[in-house]
Amino acid sequence: MSILVNKNTKLVVQGITGRDGSFHTGKMKAYGTNIVAGVSPGKGGQFVHEIPVFNTVEEAVKKTGANTSIIMVPAPLAADAILEAADAGIELVVCISEGVPTLDMIKANSYLKKKGTKLIGANCPGLITPEESLVGILPANIFKKGNVGLMSRSGTLTYLMVSLLTSNGLGQSTCVGIGGDPVAGLYYQDLLQMFEDDPETEAIVLIGEIGGDAEERAAQYIKEHITKPVVAFIAGQTAPPGKRMGHAGAIISSGSGTAEEKITAFEAVGVPVARRPVELPDLLKKQMKK
Amino acid sequence: MSILVNKNTKLVVQGITGRDGSFHTGKMKAYGTNIVAGVSPGKGGQFVHEIPVFNTVEEAVKKTGANTSIIMVPAPLAADAILEAADAGIELVVCISEGVPTLDMIKANSYLKKKGTKLIGANCPGLITPEESLVGILPANIFKKGNVGLMSRSGTLTYLMVSLLTSNGLGQSTCVGIGGDPVAGLYYQDLLQMFEDDPETEAIVLIGEIGGDAEERAAQYIKEHITKPVVAFIAGQTAPPGKRMGHAGAIISSGSGTAEEKITAFEAVGVPVARRPVELPDLLKKQMKK
Amino acid sequence: MKIHEYQSKEIFSNYSIPVTNEVLCYNVDEVKAAVHKLGLPVVIKAQVLTGGRGKAGGVKLAKTAEAAVEAANNILGMDIKGYTVEKILVAQGVKFNKEFYVGLTIDRNTKSVIFMGSKEGGVEIEEVAKDNPEAILKFPIDPDLGMTPFMARKIAFALFDDFQLVKQASDIFQKLYKIFLEKDASLVEINPLVVTDEGKVMALDGKMNFDDNALYRQSDIELLNEPTEDERKELAAKESGLTYIRLDGSIGCMVNGAGLAMATMDIIKYFGGNPANFLDIGGSSSPQKVIDAMTLLLSDKNVKVIMINIFGGITRCDDVARGLITALDEMKVDIPIVIRLSGTNAEEGLKIISERNLPTVNSLSEAAQEAIRLCKACN
Amino acid sequence: MKIHEYQSKEIFSNYSIPVTNEVLCYNVDEVKAAVHKLGLPVVIKAQVLTGGRGKAGGVKLAKTAEAAVEAANNILGMDIKGYTVEKILVAQGVKFNKEFYVGLTIDRNTKSVIFMGSKEGGVEIEEVAKDNPEAILKFPIDPDLGMTPFMARKIAFALFDDFQLVKQASDIFQKLYKIFLEKDASLVEINPLVVTDEGKVMALDGKMNFDDNALYRQSDIELLNEPTEDERKELAAKESGLTYIRLDGSIGCMVNGAGLAMATMDIIKYFGGNPANFLDIGGSSSPQKVIDAMTLLLSDKNVKVIMINIFGGITRCDDVARGLITALDEMKVDIPIVIRLSGTNAEEGLKIISERNLPTVNSLSEAAQEAIRLCKACN
């Protein structure tokens, strides 16, 4: 199994004719992702990497049966692209675009909830089910099929973690970059539950960051609902308060949202937290043996 | 059983301190409706007919467990009152107010759908389950407990029909005035299904009007989903086209929405239509014997 | 409430929707000035608050100033479905190669504003709807989202092939929805929306109706109201809490409730009579309302008999009876009255009536038959 | 992006939210004129883009013109958390009997704008949040409904007892939400919102932050931006596609990705070192970016060692290596560099680097330890 994306994923790329869209379409296709369509208003009828381009998502869905969408359009257009995907009946939308206004994302999330559409992102690297489907901009070569589910608010830090896992013989079921924006789609809780329900996932890695209380809430959720072993890492343990560290979500102020609080919250519910990335694979192995 | 209102109905009256609100609260209470609260902003702490008044619906619900609301506030405030009821967790909202702007009702209905709240009206006389609960401004004395479910877009015409039913020994399970506005809450289909599912209802009377295609859709729904006998009446058989007959819904233009089309639609699915009100009880009895 | 084409297009123009250059004229001198200003050719269009002006000859293309004057002379004063043409719109002639229909209205089934579009514009859209319903595309607009860019684009791609036109059209569609919402419209139509020879998408006509229930918050729209004499009567009635529509029969009806009023008219017709009006005195029951209603009925010279049908609910029959007595005391009523009272306080009402020796009947059918009999007796 | 109190209150005032009469002043002469205009007493308030001015002595009540001048003299030029006071706000003194806190911000859990209100206004709300969290009421606002009248009233009834105050407050709450939406705010606060002795609800203070991602459509807000020197550097970096935050250590970091950059800083600290900055060169990998990043690092005189940590994904390690070589060719770099490359095209990158005899390391821990060693060697 795995979660969210797999061999049945039929992907439509919104913004396929753009520089990034075209480039990553090539990468995803090379990985084996089943990309059935692209969308770019006014470019309908063209082909990108031999993939047909349509004017609207609705048309793409009707003609190709696409069920998943990846969005790589400029930030001011991203929320509308998300709405278009949901309106067209797409089940999972992955929004890579960075810099989407927060109020746009609030509006979009409300509509998605009504339509029952799932969203990853915005401002995220996407997700991958190794050897099945890459829907995102993650560097495919570091992933390996296996039984560890991973979720992260960060991009390159995830790659570091994954390469550590892979080099330690710990393959992955699905790895999801949930993005660092103040208002994101699927969040730790949602993914924790999906990994819990996924028979292919045996253990879960949660990579968090300073700012907000998402990790604290995740810890609470783990305590109440998750039976599989979970190991965590929190970036920003030494970040000074009140500084914005690149992700809109990674801001600590007024003594809440610090790494220390998050680490305490996890350890209080029996989730070990690696102090350095390199410690994580061993921690995970220990938990899995229990 | 019956539908929508019964002995378990705990009613809050929004606009209880107004002229109409106070008057009909008295009437409903006299009939035996379990009115637990009133709402009128700034009048919290007062009593009307010995019923406690609160400033907000939320407070009324928290303090009294109200589950149903009737709205008798001026039209410009009615949609907001509906939203307030839904926000407070009310299950059924009955909006009597007449003259509510259509766009307000569109917004309200969208929110109600999201919250799973049911709405009757606006611009309707409300509903009654005889001998159990009157939530509306219908003249209680003409109703009699029984097994006929009735729904109508009109007010006084309903009273005429009900008095004909009652004087012919045909008591009612529940009678619902759905209102004549272009955008209303529960509609024929919704109520048909509820009556179909209600063991106490043995036959259904549908009173329609010219304008729109609600009756045609109801006919289609009856054909596909309703097994109980249904009899109908359509007002406006002789109304000239293009004239607005008092209800926003009752307008016929461009050859659609005429009484003749509606009658044809019903008869095509085996629903007899009385040409005059006085014919209806016999038609109904005949159908019930089948 | 309806407004004229030129008013609708003024609103469009305020929202930056391209419309033709045009001038409203009340007389031939103004038409001459308008032609001078706009250049030739021009289109002269009757401004009346009803449809079908094209068939009635109320729209003329003029290629010369003389033709424009002649057309204006013909159209001004023309009668179109009972409306006299007092204003004409002189619009710059535009060369176009394609006509579309777009409209927004309320859809009671989806409980939303619905956008309609058709490639078969320029003709009566009702006929397209009847003959070729698939030619009219319908898009319900989610009230929480409104007309998003993607939705406007989706609609535009369904109508136009060229992306340059799609961009212009989707911009117009978003603005039309904005107008609909901000003005509390019940109908917004452009027929035809054209593509000019220069490749510009433009509204050649415009139609807007408004939600009467929302006029209280649309004072600028309310100012545009131009009721006909009949409508003025209906409006005055509404201000007294009455809904009145004049018809062409001779039996004046006074009923409480719209549905019952329609059913009453139906019964009269059923027995071969002809109602003179639809008159709903509404829910509350002040005697004054009955007096106002009687005044209204008696002001129609066609009325030969008055038939009163009241089903007391909120309305109390004794109130109605008292109002009726007062009315009879105050005004000269020399035509027969048939009265049927039932429901709340009917007995008290009937007692009051009977003290005046007025005839009462028990059922609606009886009332209608009696009214028809009396009506025939008058002739 | 943050703006000053006086700017926030100008926006409030544009939306008809009652604020105190006040004048912005840059010098003592202007303060005298302001006092003359406003009358006494006045409150003199430092305008700086940071909190805690009250504790720092940046807010003074003055009952005489002399006291106002003295307060202005004291406050102008004052340093508050590294910000120099260049503007002061002279506000009419208002007598009030109750202070409230109201604020709107983004709630990531409900994915909505959340309204916060407290009867314990006038004090630092963070302390209330810590000591007595129940004293802060929270109301998530449904994005499809917005701040409806009933919701504003519900909130107001939770804070105020008197219906006259409820009406004023709920009006203000609706306007605050409107401001939040229309200006793409990320925070709107009034602390305190007071009830004056005359029974008027009024904003005595105002604070607004904005969503940086939305500034492109808020040009009027963007004009209000007053970055500090550090922030200017950060902004310039951002224009080159870099996210840069200056810190006070001596190990200059260049990393791709925010999370990895934070983790890199964590590792440096873990082994006892001190990062000089947070520097994220982002996803795409043009050599120019590396050059810009090197320039930025070298402009900080505290930097003793440069540590480069790249995990190639979108970023290609060979691009980074090439950029680095160009940078070294173009600029004088006389401090040691520790390089760790991994991921996409790491081998090619390492090859390019090794041709220059630059030291490379294999793991992040090793890199941090080496950087710390070199740093110590420099002292």
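Note that the chains are named A, B, C and D in the order they appear, and that numbering of residues resets to 1 at the start of each chain.
In the analysis below, a contact is a pair of C-beta atoms (placed from the backbone, for glycine too) under 8 Å apart; a residue touches a chain by one contact, two chains touch by 3 or more.
On a predicted model such as this, the values are computed, not experimentally measured, just so you know.
Of the two chain pairs considered here, A-C and B-C, the higher C-beta contact count falls to B-C. Taking each chain's centre as the mean of its CA atoms, D is the chain most distant from chain B. Inter-chain spacing, taken between the CA centroids of chain A and chain B, is 48 Å. Separating the CA-averaged centres of chain A and chain C is a span of 55 Å.
Centre-to-centre separation of chain B and chain C, using mean CA positions: 27 Å. In chain A, the residues that touch at least two other chains are 107, 110, 114.
For chain D, residues touching at least two other chains, in rising order: 142, 144.
Residues of chain B that touch chain C in their complex: 75-76, 99-107, 109-110, 125, 137-139, 141-142, 152-160, 163, 180, 182-184, 207, 209-210, 212-214, 217, 233, 235-240, 243-250, 254-255, 259, 275-278. Contacts from chain C toward chain B in the complex involve residues 106, 108-109, 111-113, 126, 129-130, 142-144, 181, 184, 186, 211-214, 216-217, 243, 245, 247, 255-263, 265-270, 275, 278, 280, 283, 311-315, 342-344, 363-365. Of all residues in chain C, those touching chain A in their complex are 142, 144-145, 148-151, 153-154, 157, 163, 166-167. Looking at the complex, you find that chain A touches chain C at residues 41-42, 44, 55-59, 77, 80-81, 83-84, 87, 107, 110-111, 114.
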